[in-house]
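Presented sequentially are two complexes of chain A, the first with chain B as partner and the second with chain C.
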Partner chain A sequence: MAKIVTPADCAQVIRVLATALLLMLPYFVAPFTLTLLTEALILAIWAMSLDVLVGFTGLVAFGHAAPFGLASYAAGYFAREVSPDFFATLVVAEIVVVAVAAATGFVATRASGVAFAIISLAIAQVLFQIAVAWRPVTEGMDGLANVPLPRAFGTSFGEGRAFYVLTVAAFVGAYAALRRLVDSPFGHTLHAIRTNEGRAAAIGINPRLHKWLAFVISWAIAGLAGTLLVFMKAGTTPMALHWTESGNVLAMTIFGGIGTLFGPAIGAITFDVLRDEFTSRFQAWQFVFGLVFILVVLAFPSGIAGIVNVAWKSLWRSRS
Partner chain B sequence: MDLNFLFISALNGVVYGAFLLLTSLGLSLVFGLGRVVNFAHGALYALGGYALIEVMRRTGVGFWPAVLAAPLLVFLVAMAIERTTIYPIRNRPEIYSLLMTFGISLMMIGAVEFVWGTATSLITVPALFAGTVDVLGNQYPLYRLAATTISLVTAGGVFAVIQLTPVGLRIRAISDDAEVAEAVGIDTKWLLTLVFGAAAALAAFAGALGAPIFAIYPEMGTNILLDSFLAVILGGLGDLPGSAIGAFVVALTKAIGGGYIADWSVAVLFLVVAAVLVLRPTGIFGRGRIA
Partner chain C sequence: MAQPLVVQDLCKAFGAFRAVDGVNLEIGAGRVHSLIGPNGAGKTTTFNCISGFLRPSGGQVLLGGRDVTGWPPHRLVAGGLARTFQITKVFGELPVAENLALAARSRAGLNLNMWRRARSAAVADRESEEILDLVGLADQAALRADQLGHGDKRVLEVAIALVLRPTVLLLDEPTAGMSTAETARITTLVRSLVNRTSVLLVEHDIEMVLAISDEITVMTRGRVIAHGTPDAIVRDAGVQEAYLGATEASFW
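Let's look at the complex of A and B:
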């Protein structure tokens, strides 16, 4: 019998092609576009990390600027004061983020729904206020500046192309890791909790423990994005922790389509590219984005990915 | 720090608290009735300020008629917003109302920036209350005291409407149990739209009345929105007397704490609110409802 091409095979091919395309892009685009793409991929990592909570665990976090900004501060401070080695910086930033996530997540995951959303917002606001008030370390509203370029494998990632490749590697790594995570038994357990927490508990799942783990994992991946961003921008300000940023990443994630991983990534890239296009051409960027977001919530709660999924499924149905 | 500094800080806190009271009552009312977590409340507050400017510019009327006209305009705008965006998602989980109103807020602030620009507008204090008044040896702006009094009287009016009028009775019925209220013949759908509009009008009134004190700029609503949330959660979501007390706790903590420990006071406030949400999600009086 001839080997049948399955949807899974095709998805795998698409993933490989997408990665190849991302890696080849630097040879075709202008340096400015490359910087924009780098930022877009960093935001994509951030949005995917939020999807772990919103899409796969059913916890709508309205404070996801917290791990992003926290990692930026930790990484930026370490890189400037101690060593700009990328991996050392990343480890330090992750230690800080995971420690804070473990503590705050312990409290936050006792709640769900709107209460969880507001507690996560409160956590982000506390960090924002600390960033503003703890001047000796954070330099107040001015923020951290003069963060050096990262070093790894004995070279400095000075050139835009090298840093872009590093970001692509981080993005692909984060996607693969999260994909494995959500397809694992652990991911299915999260799904059970999202669908019905009471019943999940009745069959012996510990919802608090799993929600807490999801929270910590989500923060850790967001920490990777925050570390990359502080190197890319050579600094950060308290505005990285501001609640409007939390709203933005939530909007990107929902716009892309929660519970799909690739949706939020596409949502983030679309958001970043559109923001760049609109802010330079006419000033009503926020208005347009708000309008599109309202329409998505109103009419397409499953986002871009929902539309893609429907098309994908109908494609395979017509073949069989 | 001397006692007079403490006194002035507290007085500033009371002034801010009176405005926060108006926005918090609306936020709490809308949640209590429609389970709507309204993130657009700050944008509606800002819209009140801009409506004031626009009415004064276009019709040439003075400050006071404009302060009354602004909430009316926002009332209509807010009812239209509720009907087109929040009404269709009423049956979804309440977290959707948060997402929807966040989108509305983005759109409204974007629209405000597009129409009126990003500059800060200062409104001159109306002649009636210009100048300062002697408060225990301090020269304190008279308008602040007058506006505070007006806000407090307005808030008192809101309580009176809810406790004493037939509409208030219906509102209390819905907030108690929306299904039963509907079963006994209350038109919950339109009442929710009406209350959303009224809450927005209250916020807009606060924005317009506070304009000579706090100035007008597109992002003017963001801080008061977060402070209102803090107040409402402290008091228990949907519990109006609790929200009123919460408003003054937040305003006084910010004003007095800000004088001594600068921005740390807000961090402490958020920690307290997170703790309240976890340990006592029904607020200080235990009468609110969250999940």
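Let's look at the complex of A and C:
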């Protein structure tokens, strides 16, 4: 019999094609659209990082603006005051984010359910207040401005294409790393904890340690997104830490479909494109997104990824 | 050599209510020891205190001579103590084999591995297969655990615990909700475990308890009222009165 193409092979081909498409887009679209796409991919990294907690660990975080905004401040400050080298800035931002994640996550992951959601919200609110009040460093409500363009490999990553390519690389890297993570023994252990924490403990798993690590990893990936954001916008404000942002990223993640990684990425991109489409036409664009959100989640509790999965499975079933 | 499991003067109070009140147990190597008593006697609370799901208010738990009182469950597992649950708790979305692989990886300390593929990291696959053979689930290895029948799920519970290579295995009502045929299967299985581990069993099925136990401890209202071989327990007047008085004395 001839070689059989498996769904896994096909998915791999789709991933490669999608990456190639992302890399070729700059040659076809207007600069404005490219900026929008850059932003959408940054939000996608952020939403995937939240999926590690919500979808894969079962911890619904309502304060995921915290790592995003925190990284944007740490990166923006370092890039402006010390060096705009992209990788040095990223390392500094990650050190700050991981240190804060390790400390706050140690406390937060002792809770679960609503208590965890509230604690994560409280962490973000504390950071928001610090950003507003610590004027000498954060410049209060004005936020950091005039963050220079990042430099890497000896050249400046001017606006537009080069920065877009950097973002695509970060996005693909984050997706690949997280995909690997959730398919690893560690990822399966998170699944065990999520489905039955008592059972997991009874087979020798330390639930607290694993949830804590998942928290830190989730924050670290969100830190990558925050670093990219501050370079893209050449600045940041306390609004990056605001609870409405935490709500937005949770909405993107659920809308896209939790526990799937690619779902939240698509959710974030859809969210960003819809926001762009509608803000210019309606004052209350959230109303439109809210309506789409409710309809999709009502029909498909597992979000856009749910729709895609159903289509994907029926495609393969009809062939076999 | 120290006994695999010794429980000394174990107490657990919930407010003013003393659910477990000075319980002593000693489980010998390769023995099947049953803990029986009417509902509310404190058997499951005792179990939870031993396995780290509850912190005892007083007393000691010694595992292989080592004081492990108040250890969290995952540390006790590493120390050689495994348990099953009265209410079936298998990982339903995962295949039967992966249920065992999770336990095998946990024992091998591979939980934190974030890089390897879970499938290729299925350590001790051979051993998991051997245990699936032993419990008679080899044919269902690829099925999702929630597709198993109730009896098979109960057996899978035991199999997961066995992968942990415990020196002491706590079985919390392994035959709960089972048919007669399935109960017989569990009975044979538990009896066959004595060359692997010591067993402490909480069970309501008296017939099964009498058939497989080397020793029986009887509890009522948080206290031990009798301890001995099945024969001695059957003849114990105190047990008949306290435990069986509520049902029917002629049951024996």
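Quick note on the criterion: the second predicted complex is superposed on the first by the 313 of 320 C-alpha atoms of A that agree within 3 Å, B and C clash if a C-alpha of one lies under 4 Å from a C-alpha of the other, contacts with A are read in each partner's own complex, and residues count from 1 in each chain.
Please note the rule applied: a residue touches a chain if its C-beta (ideal position, glycine included) is under 8 Å from a C-beta of that chain, and two chains touch if they have at least 3 such contacts.
These numbers come from a predicted model, not from an experiment.
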Superposed partners chain B and chain C on chain A - clash or fit: fit
Chain B versus chain C as contact partner of A:192, first or second or both or neither: second
In the superposition, chain B vs chain C on chain A residues touched: B
Touched partner set for A:201, first chain B, second chain C, both or neither: second
Partner chain(s) touched by A:119 [first = chain B, second = chain C, both, neither]: first
Geometry of the superposed three-chain model: angle at chain A (Cα centres of chain B and chain C, steps of 10 degrees): 80
Which superposed partner A:110 touches (first chain B, second chain C, both, neither): first
Contacts of A:289 with chain B and chain C, given as first, second, both or neither: first
Touched partner set for A:184, first chain B, second chain C, both or neither: second
Chain B versus chain C as contact partner of A:60, first or second or both or neither: first
Closest approach of chain C to chain B (Cα atoms, Å): 14
Where chain A meets both chain C and chain B, residue numbers: none
Parts of chain A lying in touch with chain B, wherever the complex brings them together: 60, 62, 107-108, 110-115, 117-119, 121-123, 125-126, 129-130, 132-133, 243-244, 247, 250-251, 254, 283-291, 293-294, 297-298, 301
Chain A to chain C touching residues, read off their complex: 180-181, 183-189, 191-192, 195-196, 198-199, 201-207, 210, 213
List of chain C residues in touch with chain A within their complex: 51-53, 72-74, 77-78, 82-85, 89-94, 98, 102-103, 105-107, 110-118, 121, 160-161, 163-164
Residue ranges of chain B touching chain A (in the complex, touch as defined): 37, 39, 85, 88-89, 92-96, 98-100, 102-111, 113-114, 222, 226, 229, 233, 262-264, 266-267, 270-271, 273-274, 277-278, 281, 290-291
